[in-house]
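Per-chain numbering from 1; labels A, B and C assigned in written order.
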Amino acid sequence: MEPQQGQGKPHLPPPSLWPIGFAIGIVCILVGLIVSWPAAAVGVAVTVVFGFLWVRDVTGGYRRRDIGTEPAVGGPESATEGAPAIPADRGEAAMPEPAPGERFPRSVFLEGATLGLGSVIAGIVTVPIVGFSIAPVFQHVHHDEIDLGPISNFKEGQYVVTTFLRDPSEGEISRRTAYIRNNGFLDNKPSFTVLSNRCAHLGCPVQPNGPMFDKQKLEETTKTGDVTLIPALPAGGFGCPCHGGQYDQEGNRTAGPPVRALDRYEFYIRNGRLAVGRTYSVSHVDGAGASAKIHKYKETGPGQHVDGPEQWFYPLQPPS
Amino acid sequence: MASRRVEENRVAFQRYKEDVKRDGKPFYPYAMFHDTVMSLVVVCVIVGLAFVWHYTSLLGPSLAAKADPGTVSFVPRPDWYFYFLFYLLRIFKWPNSVILGTVGIPTILLILALAIPFIDLRRERRLLRRPIAIVAAVLVALSMGVLTYKGATAKEALGAELLADVPNWVKSEQLPPQALPGAKLFATSGCLNCHTYQGVGGSQLGAPNLSAEGSKNKGITFQIAHLKCPSCVNKGSPMPSFAAFGNANLRKLAIFLEASKGPH
Amino acid sequence: MPRRRDRKEQMLAAAQYPLDWLEERSGLIGGLRYFLFRKVPGDSGWWHTLGSATLTAFLVQLGTGVILAMYYKPDPKSAYESVQHINNDVTLGWLVRGMHRWGASVFIILIFFHMARVFLFGAYKYPRELNWVVGVLLLPLALLEGFSGYLLPYDQTAYWATVVGININGTGPFIGPFLASFLRSGPEITGDTLSRFYSIHMLLLPGAILGLIGLHLYLVVRLGVSSPPWSPEAAGRERAEPPPVPGSGLVNPAPRGVTKRPD
């Protein structure tokens, strides 16, 4: 489109320095592509900014002219006196129309630029704030192996209520309890059942259905903090006092609302000492003791199904 | 084009504005006096509750023991205004329905509450002419009240606490001394997670009340056999086996159960 | 005598001057006067005090909360001890904490009463639908305040109620596990969880609640309160005779302060 005569004066584009910046940006991109990505990114930014300013400069004449002719288009109809009723789709909440001859009529460019800059500010401020607060959701947590002391502390066939620090650097807030049973040997390797005491319903502390022998309490101090061991006889399995979930001695749900079996800890034997690592979730266990077949799943929050049709409610899990 | 209902609403609101302008009273001091008196009552109640909390034990301890994430002897409780949810979670005792109690019902209630003005579009405000609304309100208030009450009075079967009840059992059931070891074992072994005894224990799993188990005179041999394998004796019984206790412990339990002849 | 009267007038004028000064430069006095002397239905009474009572309870929470924040330490190693310190050592600390603890309960109860009153009065109907929606949104925010504040004393009840509460969020379909992880600030409850709850409890939620209360009050003042539905004098009641001026309804609602009169 050829520039037209506007307001009785020939339109001449004013001299502009923006193309120089634009060119510098292009050079910067090309150099950056060879040297380093950040430089290229800076080049892109410079190019976009100066290109935008250049285009704005060049098109300034058109925009001024358009605005100038607006009153003629609006005509007497847009006068306030005797105005027709506001159409139903443009009630009070609609933006005001400029009055004819107004010195500062609507400028689409300024509106766009204001809103655009506003969203840039919002973005600059929001990204770090939101990122800062939700980043922990997506970060893996490293779990050290926790040393629970010599295997000889665990009598074969007996459950031991073991409390330990899951993360020694966090201190007491990371204290956890596991119900640990020495299952003897399987293929010459020691076998343990290490149940988490977190209820699979909503995470309350599960308790043994049977006496705990406080008098036989053992306290060990290992390199990962202090460990207490209390033998127990959970003849009736384990029960949760919050909402009445019940588990058998293998951690299988027997009654109440829990959606799966009790979680378990990975265990390791290091120089005759028992260590535990990550937890994993279990849908159910077939058999018992050393020969039990454990249906393992990635660690999942309490109350979330790992099998059955309900598992599709929880297709993704944050890393643990 | 505005519908007839919208037109009528606008006319009615215009009439409201004219009525208030003509017959209304100024907010200050007429209405504000009521507000101020009520606010004074509220502040006094708050301060009063703080005093009662500090000087008596009616409202519970001011601070429980320090948090112990590794505990095996604690029963968590929410604040009272979440009791309804707390009890709702006990009602949904089937794994497949957990999600209904946790997020389903609260979300549905919230959405319904938000939608009320867009469902009930009539202008009628008189109570007797809004039967559905009144019945719904009464039902919601009633169920919230019942759930809160049930949540507040729900009993847990916690070994350490139940052990303190054993002397009461001895007294009201007139248990002989040889039943005492069994009573202690009974209290700490999670029996009351499912059963009730002398008004304590969990009833939500539907297991029978054992307060008068001995009056059925089933005999110690039967009790031991039943504890060892409940489903062998009672076909279809969901009760788990307690065989792992060993014969000596089972005998103690059986003596206790047979001695429980109901409250005297 | 006349001299004394002069002096009285002078003093009144002197007292009036700062108010006039403020009004001329801000218009705030006029706004306050509009708020105080606006007309409310003549039959409004004790039923209508539940809303302002709720506001009072919230203001008590704000005041006591600010003071508690001066002594409280949001760290698992010292939170419990700092609450003990508030209870036992700080002058009247037990009172401030007790008021905050029980003010929360009173606040929640009053919200429910207020909500019931509005429902029974049918006061959520045209044109007050939006105000009902704002009020309903305030309810879960207040409950979340209660939930997030419950952890802060860091005793056994606090910790385990929070564990269960977070896991309840975790059972939400699809986003639940991520929501729970967000609340915990990771897969396990750590010290970060406590400070996160502290920030949510004393900055995020109160800010949101204050904003919504402002909107709620603005709408109350703009739209007025409903008369009791059983009142024979209820404002805006249907009359037996036809309305005095037919067609006086507005095609479009008039802007505030402009009452359209039939010509």
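A few comments on the model shown:
The definition used in the following text is that contacts are C-beta pairs under 8 Å (C-beta built on N, C-alpha and C of every residue); 3 or more make two chains touch, one makes a residue touch a chain.
Being a predicted model, the structure only gives us computed values, none of them experimental.
Chain-to-chain contact here is organised exhaustively, every possible pair of chains being in touch. The interface with the greater count of contacting C-beta pairs, when A-C is set against A-B, is A-B.
Separating the CA-averaged centres of chain B and chain C is a span of 29 Å.
Centre-to-centre separation of chain A and chain B, using mean CA positions: 34 Å. For chain C, the set of residues that touch two or more other chains comprises 76, 160, 163-164, 168, 171, 173, 176, 189, 251, 253.
Looking at chain B, residues 67-69, 71, 74, 76, 89, 98-99, 102 sit in touch with two or more other chains.
Chain A has residues 172-174, 202, 204-205, 242, 303, 313 in contact with two or more other chains. For chain B in complex with chain C, the touching residues are 2, 7-17, 19-21, 23-28, 30-32, 34-35, 37-39, 41-43, 45-47, 49-51, 53-54, 59, 62-69, 71, 74, 76-82, 85, 89, 98-99, 102-103, 110, 113-114, 116-118, 120-127, 130, 133-134, 137, 141. Contact residues on chain A toward chain C in their complex (touch as defined above): 85-86, 91-92, 133-134, 136-137, 139, 141, 166-167, 170-174, 202-205, 242, 299-304, 313-320.
On chain C, the positions that touch chain B within their shared complex are 35-42, 44-46, 48-50, 52-53, 56-57, 60, 76, 80, 83-84, 87, 94-95, 97-99, 101-106, 108-110, 116, 119-129, 132-133, 136-137, 139-140, 143, 146-147, 150, 153-161, 163-165, 168-169, 171-173, 176, 189, 224, 226, 229-230, 233, 235-238, 243, 248-251, 253, 259. The touching residues of chain B, when paired with chain A in their complex, are 1, 67-76, 89-90, 92-99, 102, 156-159, 185, 188-191, 193-194, 202, 204-205, 238, 240, 242-245, 249. Those residues of chain C whose C-beta lies close enough to touch chain A in the complex are 76-77, 160, 163-164, 166-168, 170-171, 173-174, 176-178, 180-182, 185-192, 196, 251-253, 255.
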